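You will see chain A twice below: alongside chain B first, and alongside chain C after that.
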Partner chain A sequence: MNHWRVFRVSLLVGVRDFRLFWNWRTWLFGWLSRILTSAASWVLVGRLLGDTARLNYLLVGNAAVAGVGTFAVAVSAWERWDGTYALLVVAPRSMAPAMMGRTAVWILHWIGSSFATFVFLWLAFSWHPPTIGLLVAIPGVTLLALSTYALSLFLGACIGRVPALRNILINILTSAILVLCGVSVPVSFWPRWVQAIAAVLPTTHALAAIRAGFAGQPGWVVARDMGLEALVGLGWLTLAVLTIDRMAEAGRADGSIHFS
Partner chain B sequence: MITRLQSFVFRLWVVARMQLRLSRRNVEDLLPVIVMPLLTFGSVAIFLDAKRVDLLGHALTASTLLTVGQMGFFVGSDLVSLERRDQLLELMVATPTAYGVVLAARIFVITALGLLGVVEGWLIVRFAFGVPVPLPHAPELLATLLATVAAASGMATLFSALFGLARSSRTFQHAVNGPFYLLGGVLVPVAYLPTWAQHLSPFTFFYWSADLLRDCFRPEAIHSLGSRLAIIVALGVSFGGSGVLVVNRMLHRLRRDGALGLS
Partner chain C sequence: MIAVEAIGLGRVYEAKRGPPVRALAGLSIRIEQGEIHGLLGPNGAGKTTLLKILSTLLLPTEGSAQVLGRDVTRELRAVRSSIGIVLGGDRGLHSQLSARETLHYWAALHNVPAKETTSRVESLLQRVGLLERADARVETYSRGMKQRLHLARGLIANAPVLFLDEPTIGMDPLAALDFRRLIAELRSEGRTILLTTHDMAEAEAVCDRVSLIDRGRLIAVETPATLARLLTQHERIDFVASETVAARVGSQPGVSKLTKLGTPGSYRVEVADHGALSAVLAHIVGAGVTSVRTSAPSLEEVYIHLIGDRGLRV
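Here is the complex of A and B:
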């Protein structure tokens, strides 16, 4: 089986995972209700501050990352509990395409959540952002979902050694993205060393590109920020691919695969 | 009579101690305590960036209520579902103590652990942002926190009963907790909500707790403290009492029909 075929079959497994987790009813009334409530909260915070510019800043940032989570980290741990991790380890190919395929379905979940939030803010709160900004938001949100996925994949590989910590890691990472990457306050609000961390986290540059689109800045500014986000995503993806097999090998070497 | 009361209190104490031990060993139980205060960074950053130091009490109120609320809604209300999954519910039901009472006591302990969120939120504002946060009404703050824990436990007991036995708790948790926080004015006072929504707010204990907590962070005197505390506790007792009744009645029916392990 070539890598692409492994990825495709694993993606189908991921789709089944997703369907076990959510059906259209629970997704609409459970998940969407949660993130739309969150969007409404940011509208209220903007009103509390009494500043339209800040309200718009909060809405763009929070709508763009509305769905972003790092759920792929947890999915990687599921392989352990399903008993399939050891089977993947003994297979003659790299584990990377299998892990990437099973977790990739969550990218669509994040993108769908973000777009639903933009539509909700437009319909429910009469928010009328510039069309060019919305057009930039489509590739921007897709790119930030892809780069966040790459980081999740890397962390999923690492957490394979201590699966019990997966939910804590997911939440800390999601909080870090929400707080540090320019979602609610500009990255420049934070000290320089925090800004350096934000620069290598996914979301920061894609969000800057989206904001540049909303502000009507020149196309090259948008393209530069998108390019930086793509670089960050590729960096994390490379690390992930290098780490997945190494972690599995380490687990095989010390016999911990079945016990962690 | 005294012996029966003593025996009841002793059983509650044993249950509470057991839950404390279980939670200490299970990092998942403490997830909201670890994670929710991190949101303080976000809200405090927004207020400081907007030069609104006067709103820091709002951020601390939100951090506190979200942590206590999540401990109740996510961890506490999951107890029945988890016991069904692990097939422990049948054993628990077979013991002579009413399961509803055991459940309520365990949820109270879990929710009370959420109080650590207050300390964490305060430490974040004080040391990560370097902003002093005076506590001008410390005794009133403590009373409000205890009443809030009682109310959150009552609510979580009812949710646990209603949705744990229906095996759909996770979806429900996702769907209801956000609207509850929003309607309760946890981060932003309900005066900023549409008028129709403001009419619903007083039915949530968050509304009363959030208002009182924000007052506790302000230097001005707090008005009607006793009656506001009484409303929070009354809401908690009515929700918790309903939860105990519902769980006992549903279990009774399942046992009578021989369907406890099958439903």
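Here is the complex of A and C:
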């Protein structure tokens, strides 16, 4: 019960962080317009290729991950910048709900961006997806955002001890998801060992489920891929929760945590 | 009853380059319940390292420490539930929250029951004088207001032991005075307070006892009265005179040291006994010297005198 309370009060910190970056105008005309332009460019590439299947592949992949980011990696380091990390460590509660609360607001940002992109591409490219596909896309995008968030949280916890590396890590992770997880290039294109990496990265299975939904494949295929994505997400979340407190312990031992 | 006890506490930091750094070297200290205890020392003396270990933020590499009888390395939850930490300066606060939100946030992290939180937050806001600005963002606060919020945050769990790290750093004199009044109130509630400071005057004003620390070692534990005596014991007189006059002044009773300063004809005498100060001054003025200035020794100079007088013996 108290974990939820800590999560809730920390979510408010996250909301305030978010407002430092965006208000509704800048979100709509700054962030969203950039995302939509990027997704539209990919779809135009598909159209130029003159292949409807490829067009749909690019459209679904880029719309689904349009908003997904790894910003939680960076946000995890903010407690250190604020000088509040030490106070969290010496609070009687586990830090994990506080870290999760502060970073969770970005999930909504990602989900909102992806849905907006789907709607935009639908209208702008006269795309007429099957209703069942859209129904699968809603939980699919949500799951994809949650599992990506879990990995970001884990990496954010790890990077807490070397925050200077956070931007490099964000770029590596974002690129890995965009390149390896079936957004624009099918996972099957890659060698088996790369496919194995893609299988434990978030996005891969959720995207497969969304594509299966749009392709009208049987429900069990969609459910299997959704289940796999949920497992991947839960795995990263478990690692994240364990790592957050473990890193604090390591910091206590090596003296890398400071009062301010 | 003992509130805080450290026995042979040591901490060595492994350096990436160069030899390991010893921040604490076998420090032992004992603080009674209800006592306000100051840790006084220059930068790098080991004050904050000691506070970090006692608050469970840092593991010692040797020795042991207890807070209210609980071991700081093994009984983390119990120790963390019994302490409040107050930091100095601008950091340690979420500047995008208001004071009220800040206190609700830390109340949740310190297991303050939800039913009690609102009343406790309001009462603390009232107590530290932030009620009228409770909904303004912390980033709009002055240094003094932030410091009061730090104190309220440290008190949110109603902890019996408080650790204050440089609580008045950067405060203007009026805000520092206000802060000291609040500390005095906390003393009357029977809380145990351990505070670090650079400021001897502050230590004198609020502490029951003061520990002087240097290079990770305890040099002395004194009462503020003794501290005040130390401050006046080595008072200095700077004057401009001829070499003959300076030599005569240097041979006066009570003068412990005569030093030639950088400017030609400038001298400094140190008076080892406050009682002799007026006699030495009278002698200087009587010799026709018109440029005279007295001053108290700095904290560092008091340390040097202490170490000189006692070696490193506690």
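For this structure, a couple of remarks:
Assume the second predicted complex is superposed on the first by the 256 of 260 C-alpha atoms of A that agree within 3 Å, B and C clash if a C-alpha of one lies under 4 Å from a C-alpha of the other, contacts with A are read in each partner's own complex, and residues count from 1 in each chain.
The rule is simple: contacts are C-beta pairs under 8 Å (C-beta built on N, C-alpha and C of every residue); 3 or more make two chains touch, one makes a residue touch a chain.
Owing to the predicted nature of the structure, the values given are computational and were not obtained by experimental measurement.
Contacts of A:86 after superposition: chain C is touched, whereas chain B is not reached.
In the superposition on chain A, contact of A:178 is made with chain B only, not with chain C.
Shared-chain residue A:142: touches no atom of chain B or chain C. Of the two partner chains placed around the shared chain by superposition, chain C is the only one that A:16 touches, whereas chain B remains out of contact.
Once the two complexes are overlaid on the shared chain, A:98 sits against chain C while remaining clear of chain B. In the superposition on chain A, A:167 makes contact with chain B only, while chain C stays out of contact range. When the shared chain is aligned, chain B comes close enough to touch A:47, but chain C does not. Using the contact criterion defined above for the overlaid structures, shared-chain residue A:254 touches chain C, although it does not reach chain B. The residues of chain A shared by its contacts with chain B and with chain C come to none at all. Put simply, chain C touches chain A in their complex at residues 11, 13-14, 48, 51-52, 55-59, 77, 80-81, 83, 85, 87, 89, 91-97, 101, 104-106, 108-111, 114, 153, 157, 165. Note for the complex: chain B touches chain A at residues 27-28, 31, 34-35, 38-39, 41-43, 45-50, 52, 55, 58, 170-172, 174-175, 177-179, 181-182, 187-189, 192-193.
Chain A meets chain C in the complex at residues 2, 5-6, 8-10, 12-13, 16-17, 19-20, 82-84, 86-93, 98, 252-255, 257, 259-260. In the complex of the two chains, the chain A residues touching chain B come out as 26, 29-31, 33-38, 40-41, 44-45, 47-49, 51, 54, 58, 164-165, 167-168, 171-172, 175, 178-179, 183-186, 189-190.
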